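Some structures are shown below for you to check.
Note that chain A is present in both complexes that follow, paired respectively with chain B and with chain C.
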Partner chain A sequence: MEAGHSVPKSQPTVKSFAKTAAKGFNVHVNDKYYAAAFLGPSLLILGVFVFYPMVRTLYLSLFLTNNVGRPTVFVGLKNYVSLLTSAAYRASLTATGFYVVGVVVLTLALGILLAQATVQKLAGIQWFRTIFSATMGVSVSVAAIFWLFIFSPSVGLLDQIAAFFHLPVINWLTDPGWAMVAIIVSTVWMNLGFTFLILFGALQMVPPTLYEAADIEGASKRYQFWHVTLPMISPTLFFTATVTLIGAFKSFGLIDLMTAGGPNNATNLMVYQVYKDAFLTGNYGMASAESIILALVIALFTLLQFKFLEKRVTY
Partner chain B sequence: MRRIRNWERWGLAGLCLIIVAAIGLGWATHQRATTAQANTRTKVVFWHEMTGPAQQELLTLVKNFNHSQTKYEVVPEFEGNYNEAVQKIIDTHGTDASPAVFQSMDISTSQLHHTGYTTPVQKFIDEDHYPVQKIASGARAFYANKGVQLSMPFNTSQPVLYYNATLLKKYGITPPPVNPSYQDITRVATQLMTRSHKKVQGITVEIYGWLFEQFLANSGESLANREDGHAGTPTAVNFTGPAAVQTMQWIQTNLKRGSFVNYGAGANAVNNETASFLSGRLGMFLQSSATIGQLTKGNPDKLGITYYPHPDGQKANGVAIGGASLWISNDKTTHVQRGAWDFIKYLLTAKNQAAWQVATGYLALNKDSQKEPELQALYQKLPATKVPGEQLRAATPNNTNSGIFLQGLIQARILTQTAMEQIYQGSDPQKALATAQKSMNSYISNNNRSNGYS
Partner chain C sequence: MSIKLDGLSKAYHAEDWVLRDVQAEIESGEFFAIVGPSGCGKSTLLRMIAGLIPISAGELTIDGQVATNLPPKDRKLTMVFQSYALFPFLSVTDNVGFGLKARKFPAAEVADRVNRALELVNLTEFKDRKPRDLSGGQRQRFALARAVASDAKICLMDEPLSNLDAQLRVKMRTELRNLQQKLGLTVIYVTHDQVEAMTMADHIMVLHDRHVQQIGTPLEIYSQPVNTFVASFFGAPRMNLLPARVSGDEELTLAQTLKLPLPRPLAVADYTVGIRPNALTILPRDTATPNVQVQTVEYLGANMLLETQLADGTALELVGDPAMAYRPGEQLAVKITGTVYVFDAQGQAQFILKEGMTNGSRTQRSQVAANR
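After this line comes the complex of A and B, so read on.
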């Protein structure tokens, strides 16, 4: 009886299952329409403004372009070969590497330092917090004028100070070695406001109980920094490192306004070379090849970052 | 969180509606206003790259033109620097955004001509029987090819040497002669350095491809083969000729000795050298005559001007002009092109050219301008301002001093500037120039291939 009852009982279950399945199929079809409706507009925009230009860049990089920018002669990978065998372009790659590492390391180090300094609750600390994040509100052109004034060879602030103390005067922007330093310093200064703000926020999120516990254990302040603070802010640190890295690869404004890639191509970073070939000399084939190389390099570095740094991130 | 009250919600919605309506209304009125204007006057969009006093004067001339007639309205639009403007002109051609008449720099002449995007002004000169011989022949020749005037010369300058006459007098130094050789410059620079106990810097030669080209022109050496492109499409450049190498050696030697100083390249270099010159810390520099206006305004010291220096032991061959010309795009209606030509003619009248030289330092191209009282008054007040015009007239035009008819001169400038930077930092001139030459030759061969010239 029990079993006899159970059979007819299960029938509606099967039926309803089938019904649900049928319904589920319908919902599935509807889902497709919904998905298309929701994704369509953004896919269209991405397609027109991201995917098409990417494919077009790849296509152009295989051609020589004529004086109105049309691809006319197919040269295969010759643009890439001539770039990678040119000493000037390899120098540009090295300069970019140097610049990116310098900017990322200094931005993060100084950012943590400033955030750590202002996370204490002291009278008037708000004022410093505002000052340290203020560069976020400075436009690139204003920053460039500001730093040009500081680095100027005849009326510059730095060289006047140097002259006052009878120190040797440095040609900040006309000496190839120093020009790179000057550019890195200005970029780090520009980046610092944002990095400081993000890291400051992260530091405030670290539960004070952890420090109390560490204090009770008798851990030194330095030990606390390396073993409590850093692990706790590591996700934020990782985010900032990635964003700063990609931003550094794409730096353009300060370089254009301060050194224009000079002196002697010392600050001729990859993006600047793309700009020169595309917008000054109309050499679109070459510029496209350089863009592809730049995109690959950024992808590679970001990948490496995820592979090696993310392991050390504790979420 | 506080709950939003009903009246607040309606208020906010109402406010949004009002803002949207206001924007819409504003846009509609704007559109109607522009169409109404277009109905009465034909718009002629004019792209230019002038800054500072030259921009002010140009805008005044445009305004005067618009007041002088009722058929056309010239709309001036500033397009940034010379280099970027060329690509913008090419990239916008055939669209609504393109200009009807535009200013483009000297070295873009061959490139713009070869795009086929322009109507040679020769067409209008012929139609109007325009007395073109009134316009300085040296300037016209630069923008002509095989007897056809491609564009009209407009802002035309000469590279010159500026010196601070007051400073030289103070230290008892004989000024350089009107047509100086390299030796003359070395002498004055060294004396400035030693007699001022290094308080005054001797001279700076900006890292600028244009100046490099002029050194070659003044020594009579071609920069590109096929007679600097005047006899056919060039296939190679010559950066390593004796004059180029000797000139670079001359600068390098004196940089090492300290009588020459390096201010770098680009706009910053120009700003810094001008500031130093005006504050009496720099005795001499080489620059375009177009900066005269800037150098005389509020300068307490007496300004001295000479011709561009030439190599020792030979006569000066004469330098090429610099600056830019005015082109008419062929993607506009005949009526608009006619308006563009009327505007160009207006800019080149004797009176306007005189006013242009007085305000900017660019040379008055109309021969009748010399009689204009405005220009006469300037010569009386500052006799040195006569020098650039005299230099232009002193040179006999030939293939090495009438510009280089080569596409990709911007690339050539980028490369020669890099070579100059290396040389200024102490590299071997011959080697640095050879590297630049090799890169340029591969650029030219690619360019000739892609355009079907070879």
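After this line comes the complex of A and C, so read on.
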């Protein structure tokens, strides 16, 4: 909208800018138009695809809606109240919390482990690096099929192995507890490629002389890991933790394809609840309220992370 | 804490030596400099002594104990790196105490030693700062403090001053040397800067082309170089190396023009003669027949550097009095008034003529020191 009329103006603006700049760097007269020309396109795109949906979601969360998403009755905060007092929704919050913590902790721990293992200079190590980062190129649907093949009750790979060794067979995707484990494992596997690559890069950036100095000073390898490696990669670790945390809160694809929130809502995470309310039952007002809660929760955790961790990781 | 290098060699691939048969004995409390051009293997040698890279052949003895295969932490030494290798996330105090903490010293002793080390290098007031908040010279002193705090009596230094600006480098040289004397440290100091080695070291090892060229005091290295490499590497401006020939008349002919009498007969062959610029004197204008032509001049303040050419085109570097305002293109008469070094065709020192002579006419000559 604003960009609409500022774009045609940009031509003379640039010219006069050049003229004033040539005269003596006195450019502030045309700064406004100049800035608008640059900001316009991105403001337009962000406005249409981010800001408007955000405001609309907030608005809808205060209404009851009909089955095509038009607001009907203004109910104020009643959607929120009924959500937060509902045992089912609180169970969904708990499940989400469990899932997010599991995913973040395991992703980071395994990521560091793999990166640390492959940062050594050994013959053929680049093959491992490629393989470990390969899940970055796997789409969610393919990953879901792969993990279904492994976790499927009785016919899945894991259960066949268990049967072969006469171990108790676990109903991975139909037992509420194990279904959560299964989706955490699958998500961690999906995350690992990216996390590995980023952490591997961070490890490579640690100057080798720091380890040499530590060697001479008499620090053991374990001591070096905790007192040199971790502090050195902590900024990257913090970045990865934040990205993984936000990603985990927003997980949808694997859950939809593997458990569809089941069994018995055990893997019914917050995003999945939004999806069900909006697109399966057409309850847009409720879904909007859930979206807002999700956004607030993510914002809260990200803020907490920054508040408590960022100070420690910058050097 | 003496150190003995007995035939130390390094090869990354079988028989492809990057360092061959290094032989040296370093006395306790000595400042020992390893000097050589880039890529000569001096840092490799230092890392072998530190235990950071394995020794391919030979034996390393530290304080009478064979240390060839000991891990770095058991070699009773510390190291100052070119990049200082400070931990950017730790304060000065924690950096200096890093090794002590890793070795599980009691907290009180760690604090005590760290404070003493910081006092020694005058960094006490910066103890809570992070490395990035310190200047280059402070970081350098801080890296020294870390080495000192461990109480090890051997300190290896890998070009520790090369990241500092010229003025600071000169200042730190003195500081380093004083600290070494005060603590009685045995220092092995790697540098490519011959001036640094000359000014600081008790003994200098010259490394070049995988081999030790010469080991000696700075004076020995400067006044009795064993070959043309050592001769031209030490001293600024560099020594002039001129092609020479002995013909039948037992005279050495320099660059086909200057004649030099010989103290003892030499085989008829090609030789190289080394003359430092300060061993050449420019005669006052119009007092003798000119024998060189000035190519370029460089003012250095106290004196002036002249790039000249002999009649046959051989380059000859001279130092002159800036007040004389020599100009490019000018013809000058030059006389040899100082030490002349004679090397054989392989560059090995044959003998040294202590006083010079002019245009082939015989003058006094003194004792000739034959090397090796």
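By our rule, the second predicted complex is superposed on the first by the 288 of 315 C-alpha atoms of A that agree within 3 Å, B and C clash if a C-alpha of one lies under 4 Å from a C-alpha of the other, contacts with A are read in each partner's own complex, and residues count from 1 in each chain.
To be clear about the criterion, contacts are C-beta pairs under 8 Å (C-beta built on N, C-alpha and C of every residue); 3 or more make two chains touch, one makes a residue touch a chain.
Everything quoted here is computed from the prediction, not taken from an experiment.
S.K.: Superpose on chain A as described above, then tell me if chain B and chain C fit or clash.
M.R.: fit
S.K.: Spot which of chain B and chain C makes contact with more residues of chain A, would you?
M.R.: B
S.K.: In the superposed arrangement, which partner chain does A:223 touch: chain B (first), chain C (second), both, or neither?
M.R.: After superposing on A, A:223 lies in contact with chain C but is clear of chain B.
S.K.: Touching A:51, do we find chain B (first), chain C (second), both, or neither?
M.R.: A:51: touches no partner chain.
S.K.: Go through the superposed model and pick first if A:214 touches only chain B, second if only chain C, both, or neither.
M.R.: Second partner only, chain C.
S.K.: Just chain B (first), just chain C (second), both, or neither: which does A:234 touch?
M.R.: Second partner only.
S.K.: Tell me which partner A:128 touches in the superposition: chain B (first), chain C (second), both or neither.
M.R.: After superposing on A, A:128 lies clear of both chain B and chain C.
S.K.: Is A:173 in contact with chain B, with chain C, with both, or with neither (first, second, both, neither)?
M.R.: A:173 contacts chain B only, not chain C.
S.K.: Quick one: minimum Cα-Cα distance, chain B versus chain C, in the superposed arrangement, integer Å.
M.R.: Here the least C-alpha separation of chain B and chain C stands at 25 Å.
S.K.: Across the two complexes, what residues of chain A are contacted by chain B and by chain C?
M.R.: None.
S.K.: Could you list, by residue number, the parts of chain B that touch chain A in their complex?
M.R.: Those in contact with chain A are residues 83-84, 86-87, 90-91, 93, 111, 114-115, 117, 207, 262-266, 268, 272, 275-276, 279, 281, 407-408, 410-411, 414, 417-418, 421-422, 424-425, 439, 442-443, 446-447, 449-452.
S.K.: If you look only at chain A, which of its residues touch chain B in the complex?
M.R.: By the definition above, chain A touches chain B via 63-69, 72-73, 82, 86, 88, 148, 152-155, 171, 173-176, 258-260, 262-265, 276, 278-283, 285.
S.K.: Going by the contact rule at the top, pick out the chain C residues touching chain A in the complex.
M.R.: 50-52, 71-73, 77-79, 81, 83, 85, 87-90, 98-99, 102-103, 130, 132, 146, 150
S.K.: Of all residues in chain A, which touch chain C in the complex?
M.R.: Per the stated touch rule, the residues are 207, 209-210, 212-220, 223, 227-228, 231-232, 234, 315.
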